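Submitted below is the structure of interest, expressed as structure tokens.
Naming follows writing order (A, B, C and D), and every chain is counted from residue 1.
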Amino acid sequence: MEILPIVGGIVSLMGALFLLLGAVGVLRMPDSYNRIQAGTKATTLGTLLFLLGIGIYNPVWFPKLVVLILFILFTNPVSSHVLARSAHSIGIKLTEVTVVDKLKDTRGEEIDA
Amino acid sequence: MDFGQIAVSVGFLLILIGVWGILTQKNIIKIVIGFSVFDTGLHMIMVGIGYVKGGTAPILDGAIAPGTAPINIVAGIVDPVPQALVLTAIVIGLGVTALMLAYVVRLYEDRKSLDISSYEDLKW
Amino acid sequence: MVKKLFVIIVLIGLAVFFYGMLSSFSGNETLNMSAAYYAENGAEEVGAANLVTAIVVTYRGLDTLGEVTILFLTAAIAAFFLKSKDNFSKRKVKESSELLKTASSMLVPLIFTLGIYVFVNGHLTPGGGFQGGAILASGLVLLLLSEPLQKVNSVLFAVVESISGLFYVGIGVAGIFLAGGFLDNSILPLGEFGTLLSAGALPVIYILVGLKVGSELSGLLTKFQETQEEN
Amino acid sequence: MLSLIIMISLSVLILASAILAVQTKNLVVAVIAAGLVSLMASIGYLLLAAPDVAMTEAAIGSGLSTIIFFYVLNRVRGRDNG
């Protein structure tokens, strides 16, 4: 009985758990910005753990999976940033319990100046 | 039920949905979307016909040297010919979709309308 | 309503026709004869590990040539139709954020590298000219989205496209004189099975196909993006 | 058995998004649903042991053609969304 497949399986399962939590977060959050946040943070970590688990399971694939992990680390936050920013610029409402909207504040200053 | 049959029946249903969209929609862009759904259905049918039960992708390992154990190769892979055809068909599908959309832009520039029923020059 | 009745009749007719075809189809257990021939002899004759590549480039190479020709024609006709009228006023485009610009300047070279990797390794791993070309074009899309005001040099695409098409046909004709026929890949030595420099002229042909498809798709996308700017 | 369940649920999702793409009134939703059909069809090709086709469909069907649709939508936007 080798130890590597078991460890890899456990790490992958944790990644799958984070992905599930991300899906639940998308369903439960009140407005689109919170949904983007839940759908990005949890799924980034989940995907990373999942790929890491596969890499532990089969060490031959590890270099390629490292490249994949780096790619996801680059692209996922940028895409959610652009999504949230463009949603803000076309005027999608925030939820009512929001306390601070810094993007709106900076835009207002730009108009004043 | 194996994968091939499921894929072929999904492809047929997609073709029916696409034809339904093409025939009933009024908006030209929706008609183009119907064509693209039709395309996807055709591709699924072709790949599904090429599927062999329990087959793997038609990529030989470096371990199998050419000439050795050909029977093993034949028993283990799916049919590569429909896959090669679908590969080119997808690229042509993009070209055709882009061409239709270029026509849409041109028609819209002319009449400022996307409704198919406002183009009735040849109606009799 | 006559039209709705007609639609329903057409759909029911198609459904009956498809049901007849589906009920006679019962999954494959074995390969048919031509596929079995390719599977047995493909590795030996062509020297490519990926049989799909072997079929696309060598056995059905003429079809691929016709396919890239069709793609070229559709791109040319679309460009002709999208040629804008003379009254254009610049649409106001919002400046994209600093983060997106930095990230795209970092990611676009990575995406281009991935595309080139995919079509250089087309004879060994899944992938090839069409996929690599599409990845190159999607890298260009990222560039266009992050800096919408930038003018893309479309002459470059035309030059790359023409040169790669010319060399593609040239290699095909060289196959007639040096080897068995048009687009025969054994004009170069087959090499060792499963290594990067193997399968004769097949990687060269697929690289040319990749460049051609990539530049055609990029030209098409650039045309659509330009029309949008001149709204 | 597990892969059969995945394939069947994938088929249901493909058909549902195809009907959404054809029938919805909102053009943006229709374009995104058409891209979704292509994306899930590419997973289906992967299950049908066709990785080459899956790569092509994912890059072209759900990437580039959706982009082209959106360029055209942006061009003709604001008139009739019927």
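Throughout what follows, a contact is a pair of C-beta atoms (placed from the backbone, for glycine too) under 8 Å apart; a residue touches a chain by one contact, two chains touch by 3 or more.
Small disclaimer: the values here were computed from a predicted structure and weren't measured.
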(message) Give me the step distance from chain A to chain B, shortest route via touching chains only.
(response) 2
(request) Determine which of the two chain pairs, A-C or C-D, is joined by the larger number of C-beta pairs in contact. (result) C-D
(message) Can you work out the whole-Å distance between the CA centroids of chain A and chain D?
(response) 22
(request) Indicate the whole-number Å distance between the mean C-alpha point of chain A and the mean C-alpha point of chain C. (result) 31
(message) How many angstrom lie between the centres of chain C and chain D, each centre taken as the mean Cα position?
(response) 19
(request) Between chain B and chain D, tell me the centre distance in angstrom, where each centre is the average of that chain's C-alpha atoms. (result) 11
(message) Going by the contact rule already set, what residues in chain A reach two or more other chains?
(response) none
(request) Provide the list of chain C residues touching at least two other chains, using ranges where the numbers run on. (result) 50, 52, 126, 128, 130, 134, 217, 220, 224, 227
(message) Quick check: what residues of chain D touch more than one other chain, meaning two or more?
(response) 51-52, 56, 60, 64, 68, 72, 75
(request) Report the complete set of touching chain pairs. (result) A-C, B-C, B-D, C-D
(message) Quick check: in the complex, which residue numbers of chain B touch chain C?
(response) 2, 4-5, 8-9, 12, 15-16, 19-20, 23-24, 49-53, 57-62, 64-67, 70, 73-75, 77, 79-81, 83-85, 87-88, 90-92, 94-96, 98-99, 101-103, 105-106, 109
(request) Mind listing the chain A positions that touch chain C in their complex? (result) 71, 74-75, 78, 81-82, 85, 89
(request) Could you please specify the touching residues of chain D with respect to chain B in the complex? (result) 3-4, 7-8, 11, 14-15, 18-19, 21-23, 27, 30-31, 34, 37-38, 41, 44-45, 47-53, 56-57, 60-61, 64-65, 68-69, 72-73, 75-76, 79-82
(request) State the interface residues of chain D toward chain C in the complex, per the touch definition above. (result) 51-52, 54-56, 59-60, 63-64, 67-68, 71-72, 74-75
(message) If we count contacts the way the header does, which residues on chain C are in touch with chain D in the complex?
(response) 50, 52-53, 118, 126-128, 130-131, 134-135, 137-138, 141, 217, 220-221, 224-225, 227-228, 231
